[in-house]
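Both of the next two complexes hold subunit A, though its partner changes from subunit B to subunit C.
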Partner chain A sequence: MDELLVRTLADIVKVGAPIVLAAVGETLTERGGVVNLALDGSLVLSALAAFVVGTGTGSVIAGALAGVGVGLIIALIVAFCSIELRLSQVAVGFVLTLLCRDLALFLGIPYRNAQVFPTTFLPIPVLKDVPVIGAIFFNQDLFTYLSFIAVIAAWWWLFRTKAGLTLRAVGERPQAAFVRGVNVNAVRYLYTALGGGLVGLGGAAYTLGVLPTWSDTGIAGNGWIALAIVIFGGWHPFRVALGVYLVAGLRSVVTSIQAQVPPQVVELLNALPWLLMLLTLFLVSGPYLDRLLRVLPPRLHPPIRTLLRARPPSALGTVFEQEGRR
Partner chain B sequence: MNLAKARGALLTFSGALGVALVLIALIMLSLDKAPLAAGRRFLDGVFGTPSARADVVMAALPMLLCAAGLLLTFTAGLWNIGVEGQVTMGAIFATIIARTIPRDVSEWGILAALILPAELLLAMLGGALWAGLTALLKLRGGINEIFGGVALNFISVNILLSLVNGPWRVGTFPQTAPFASAALLPRHPELRLSPLAIAIALIAFGAVFMALRGTRFGLALRAIGRNAKSAGILGVRVERHILWAMIACGALAGLAGAFQVLFTRGRLLPNISGGIGFMGVLIVLLVGVRAAWVLPVALFVATVPVGSLKLATSLDSSVQIDAALGNVFQGALVLAVLIGGGIRARLAARRKERAEHG
Partner chain C sequence: MHVELHHITKTFGGLRANDALSLSFAEGRIYALLGENGAGKSTLMKILSGYQPPDSGQILIDGRAVTFETPADALRCGIGMLHQDPLDVPNLTVLDNFMLGRREGLLPKRKAARAALEQHAARLGFHLDPFRYVDSLTIGERQQLEIVRLLSLGARLLILDEPTTGISAEQKQTLFSSLKRLAAQEGMTIILVSHKLEDVAALCEEVYVLRGGKLVGHRHMPTSIDELVTLMFGQSLPPPARRQSALGEEILRAEAVSLTARRLTVRDLWLSVRRGEVIGLAGLDGSGQSDFLRACAGLQPLNGGRILIGGIPIRGKGYAELLRMGVAYAPSGRLEEGLVDGLTLTEHFALARAGGAWINWRAMTALAAEQIGRYNIRGMPHSPVQTLSGGNQQRALIALLPENLRLLLLEDPTRGLDVESTAWVWQQLLARRDQGAAILFTSPDLDEIVTYSDRVLVFCDGRATLVSDLAASTRNPAEQLGELIGGKVYEPR
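Presenting the complex of A and B:
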C-alpha cells in the first residue's frame, strides 16, 4: 500500500483517539439513560488538569489519572443533579459545559503553550512490523492504544456480559429492570462516572498525547462532535469509532490542502466537519433513510440498516422514580 | 402564595450568589489577589461613575434581546443553543450594508435616514435565517435543535473568520475598517450610550412579554412546552409554532449582533458575539423562564463583563485579574441557582409527603 496513505491512516487513528475515548464513555453513560451534556467542557478541563499534573510530576500515569478524576467528578455532578434533585440533564449539562470550559481557559492562562509534554510514543514490538496494519495500529502512542482497548472492551461489556445486559435494560426499560431486582439509580451513577472517567482520559489524551501541550484552541468543540457521533454511531462502540475516524479523516484532508489555499478558504474548509456532523445526523435521524432504502435493492437493506439505523435508548434523559425512596 | 414563591426564589438566588462569590474569592486568594479590594474596584467600575453605569446599560441590551428571544423558544421547550450563531449572523448581515456607507452622506438626503433601519432589518433577517435553518433541521431532518444549533454556531464563526480574513479585510488585522458614523447607532453626545438602542431593546422585550402574556401565540407556545403531543392533538399547529418561535428568537439575536457591530465595536471582527448569546441562555435559566425577572437580571449579569474588564485593565497588581474569571463567576452562579432550586423543590416535596402520611 501507498506509504503516504498508511501514514495518513495512522495519523487519523492517533488524532481521533481522544474523541474515541470521550464518545465511547458517553455511549456507556447514555446506554444507562443519562445524557452527560457537559462532555465538551469536561474534555477541556480534564485536559488542563492532566497537563498540569503530568508536567508537574513528570508522570503520564499521574496526569492521566488527574484527567480521569476531573471527568469523573463532573459526570457525578450531572448524575446527582438528575437522580437526586430531578433537574433537567440538559440544563445542568449545558451550564456545566460552559463553566468547565471557562474555568479551564482561566486557570490555563499561565500554561498557554508553556511547554510540550515528552512523548508517550510506544511502538509495540513484533506487532509493529506487520505490514500496513502494524504501521497504522501498533506504532502509536499510549493513548491511541487505550482508545482501541476502550472500543473493544465497551463492545464486549455491552453485548457479551450480563452486566452489559443489565446496563442496557436500565437504559431501555428501567421499571422492568427494577422489578428484576436491579438498583437502577446505582447503575446509572456507576456508568455515568465510568463514562465521565473515559471523557477525562480523552482530555488527557489531548494534552499528554496528541497535541501534546495546553492550548486554548484545538480541544473545545470536539466534545460536541463526540456527542453527535454517539448518535450517529447508534450507541454502538464500533460504529462510534467509525464515525470518529470519518471526521478525523475529513480533518486530515483539510489540513493537507491548507497550505495551498488562501486563508479565507481555509476558514470555510474548517466548517466541513460540522457540515459532515449535520449530514450524518440527518441520515440517521431523518425520515430519509427509509426513502433511501426503498430505492435500493432489498439485498442491501440489512447492511445499510446495521450501519445507519440509530435508535436512542428508550429511557434516555428521563428520571427513574425508585419506590420507597423519594 | 406568589409572595412566598418570590421570597423563596430570592432566597435561593442570594444563597447561590454567596456560593459563587466564595468560589471566586478562593480562586483569587490562591492566585495571591485581594478579593475584597477587587470587589470594591469591581463595584466602583460598574456603578461609580455615569460612564460606568452607561457601559453596563449598553452591555445589557444585546443580552436582553437574546434573553427575550430565548423566552419564546424556552417557553416552547426548545433549547436554542444556536442563539450564539444567530448573533454572529446578525452582525455579518448588518455589516453587508454598514461597510459600504461612505464617510460623507450629506448628499443622500432622505436615503440617509434609511441606512440604519435597513441595517437592523437585514441583521434580523440574518439571525432569523440561521434560526429557521436550525428549526428546519429539527422538523424535517430529525436533528435535535441543540446539535443543529451547536454545528451552526461553529459554521457561523467559520463564515465570519473567512470574511474578515478575506474579502472584507482592511489592514493588518483580520477585521473590517471602522464604519462611518452615518452607519452606526446614534450616540449620546457625552456618554457611551445610545438612547435609540435602549428604546429598540425595551420595545422588543415588551413585545415578547406581551406576546407571552396575552396572545394566542404565547398560549400555544406554553402548551407546546408543557406537552407537544397533547398540544398537537388539541389542534395547536406544533411545527409551525416551533418554526416561528425560532425565527422570532433568531431575529432578536440578529438585532443583538447588529448592536455589537453598530455600537459596541463599530466594525466587524472575530468573536464579535463575545458569548452574549450564551449569556442570554444563562439569564433565562437564572430566572427560570419567568419573563418579569429578565430585565433586572440582564442588568445584573451585564455588570460582570464590564466590571471584569475594569479589573483586567487595572494597574494595581493585587486586583489585576483576567476577565475570563467573570465567565467562571456567571457559570458558577447559574449552576448554584439550579442546584439550589432543585434542593428546595426536593425539600418541599418531602415535607408535603410527610404531611400526607401523617
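Presenting the complex of A and C:
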C-alpha cells in the first residue's frame, strides 16, 4: 500500500488517541447517568499537570498518572455536586470547564513552549511486522496503545460483564437497579471517577505524546468534540472510536491540502464532520431504525440495537433519590 | 413463611398514613389489601417490601423481628414486590433484566441464567422470549418477567400492586391461575393490593380493608361485595337535594369517541351535556377520565369519533380558539400546568388578558388587586404564585378563568384542599353553573362526585358508562359508584 497513506493513517490513529481516551471515559460516565461537562477544561488542566510532572521527573508514567489524578479529581467534584448537593450537572460542569481552562492558562505561563517532551515509540515485536496493519497500529507510543485498550476494555466491560450490566441499568432506570440491590450513587461515583481518569489520561496524551509540548491551542476545544462524539457514537465505545477517527481523518486531509485550495473549501471541510454527525443522528433516531427492527427476527435485535441506537441513557443528568428516606 | 406486621405507624407531615396497623399473613394463603385512594395500602406495602422504614412498629418473619434497609434486603428475607408500573429497565433485554441483581461473579453466566429464566417461566405457564427488549413487551408480560425474577431470587411472599390495571383478560386469567397454583402447591403467600372487587372475589381467600390509615375490617372470602364496599367507603351522607331548574341548550357532544389513556384505550364513548349541568368523571387513576377532559379542551388527539362544542366539531382547533368559544380547562397540577412558577399574580392576569403587545402594568395591578379581594385570595398582586398555599393557588386559578364561560373542564379541582377550601371552590363553581356554564370534572373522591354531579360518567376497563340515576338510587350512591369503578356491570334501574 502507498507509504504516504499508511503514514497518514498511523498519524490519524495517534492524533485521535487523546480524544478517544476522553470520549470513552465520558461514555462510561454517561452510561451511569452522570454527564461530565467539565471534560474540555479537564483535558487542558490535566495536560498541563502531566507535562509539568512528566518533564520534571522525566517519566512518562509519572506524567500520565498526574494527568489521571487531575481528571479524576475534577470528575469527583462534578459527582459530589450532583449527588450530595443536588446541583445541576450542566451548570457545575460548564463553570468547571471554564475555570479549569483559565487555571491551566495561568499556571502554564512558565511552561509556554518551553521544551519538548521526548516521545518514545514502542513498536510491538512481531505485530509491527504485519504488513500495513503493523505500521498503522503497532508502531505507536504508550498513549495510542492505551486508547486501543480503553475502547476494547470499555466495550467488554459494558456488554460482557455483570458490572457493565449494572452500570447500564443505573443509567437507564436507577430505581430498578436500586430494587435489585445496587448502590446507585456508589456506582455513579465510581464511573464518574473512572471516566474522569480517562479524560486526564487523554490530556496527558496531548502534552506527552501528540504535541508534545505545553500549548493550550492544540487541546482546548477537543473536549467539546469528544462530548459531541459520545452522542454521535450512541454511547457505544466502538462507534465512539469510529467517530473520533472520522473527525481526525478529515482534519488530516484538510491539513495536507490546505495549501492548494481556497480557504473557503478548508473551512467547509472542517465543518463536514458535524454535518455528517447530524445526518447520522437523524437516520438512527428517526423511525427508520424501528422499521428495520420490525422486519428482523427478535434474536437479532440486541446486537443491532446496541450498535445503532442513538437514545441517551434515560436517567442521564438526573439525581437519584430513594423515596421515603433522607 | 409467616409474616406479621405489628403496630406499624407511618406519618407524613401531619398525615397518619398508617395508624398502628397489625396484620398477619400465613403461608400458602392469598390475601387482599383493600381500600380507596389514600387509605394507606401503598405505604404499608412499601414498608413491608423495604422501601421505607416505619416510624414505629415491627415486622416479624416466622416470629423473628426483621428490619430492612433496602428492597433488596427484603427480597433476601423472601419478600418480593411487583409494582403497578413494573420496576424493570425497558432498554435492556428480558435476559439482561432477569440477570440484573442476581448474585454472581464478574462474568454473567448467560447460559445458566437463560436456563433458570425458562425453567421458572415454564413452571408458571409464562412464555418469555429472553432476547426481546422489555420496552417492546406488554405490561402483562413485564409483570410475568418480574414475577419470574422475584421467584428465582427466592421470594416466599409476593406483593402485587394493582396488577390487573392495563393487562388483557387472558393475561389476567394466566396470572391468577399461576398465583393460585403457587399458593396451593408451593406454600407461597400472596398479597393483592387492589380496589377492584371482582379481582378480590376471583382470587383471594382473606381480605384486609384499610380506611384512612386504619384497619377497619378482616374478612374471609366469600364475603358479599356490599359488605366490602361499605367497609371501604364507610357510610356516606345522603346526597343533597338536586337543583330543579331547566337546563339550557346542548353545549358538548361526544360521538363514538375513542382515545388512548395512560394504560388502556377508551372506546365508543357517547355523551351529551347541556348548559347548567354538572358531570362527574369517575374511575381509577389513568382509566381515561383526565384524557377525555383534555380531549374536550382540544389538548389531546382522538383515535376516532368526534367532539362537538355548541354544535361545532373541535377537530383541528387549538385551545386558544376553544377558549374564545367559551371553553376553559383547569388541570390538577396547579403549578405544573395551570400556573407559572416564578411569575406574580399580576403577571398571571396580564398573561391571561387578550390585547396588544404592551402591558398596562398599572391597570393589571389594579385588576389583580380587585380579583384578590373578590376571590378572597390570601396574597398580594406582587406575590409569586408558588408562595401561595394550595387553596389560594386554586382560587387564583379560578379567578383567572374568563367570564361568560359555557363549558368548564376541571381536573380534580379540589386536590389537596381542606374541607373549607373545597366548599368555597364548589360555591364558586356552582355560581358559574347557575350563570349557564356546564361543568365536567374528575375527582378521585367518590363523595365529591356524588355530592356535586347531576350525572356521572364511570370509566372502567376502556368502557365509559353513564350513570344518570344517582339521586334516585335508594342505596348508598358512593357504594354503587365504587362497585362500577371496580368493574361491576351497570344495570339501570
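Here is the rule we use: the second predicted complex is superposed on the first by the 272 of 326 C-alpha atoms of A that agree within 3 Å, B and C clash if a C-alpha of one lies under 4 Å from a C-alpha of the other, contacts with A are read in each partner's own complex, and residues count from 1 in each chain.
As a working rule, contacts are C-beta pairs under 8 Å (C-beta built on N, C-alpha and C of every residue); 3 or more make two chains touch, one makes a residue touch a chain.
Predicted model only: the values in this text are computed from it and were never measured.
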Touched partner set for A:181, first subunit B, second subunit C, both or neither: second
Partner chain(s) touched by A:285 [first = subunit B, second = subunit C, both, neither]: first
Chain touching more of subunit A, residue-wise (subunit B, subunit C): B
Which of subunit B and subunit C A:277 touches, first, second, both or neither: first
Touching partner for A:105 - first (subunit B), second (subunit C), both, neither: first
Touching partner for A:128 - first (subunit B), second (subunit C), both, neither: neither
First (subunit B), second (subunit C), both or neither touched by A:228: first
Subunit B to subunit A touching residues, read off their complex: 27, 79, 81, 137, 140-143, 146-148, 150-152, 154-155, 158-159, 161-163, 165-167, 278, 281-282, 285, 322, 324-325, 327-328, 330-332, 334-335, 338-339, 341-343, 345-346, 349-350, 353
Subunit A - residues contacting subunit B, complex: 37, 81, 84-87, 90-92, 94-96, 98-99, 102-103, 105-106, 109, 221, 224, 227-228, 231, 262-265, 267-268, 270-271, 274-275, 277-278, 281-282, 285-288, 326
Residue ranges of subunit A in contact with subunit C within the complex: 160-163, 165-166, 168-169, 172-173, 175-182, 298-299, 301-302, 305, 311, 314, 322-325
Of all residues in subunit C, those that touch subunit A in their complex: 46, 51-53, 70-72, 75, 87-93, 96, 99-101, 104-108, 129, 131-133
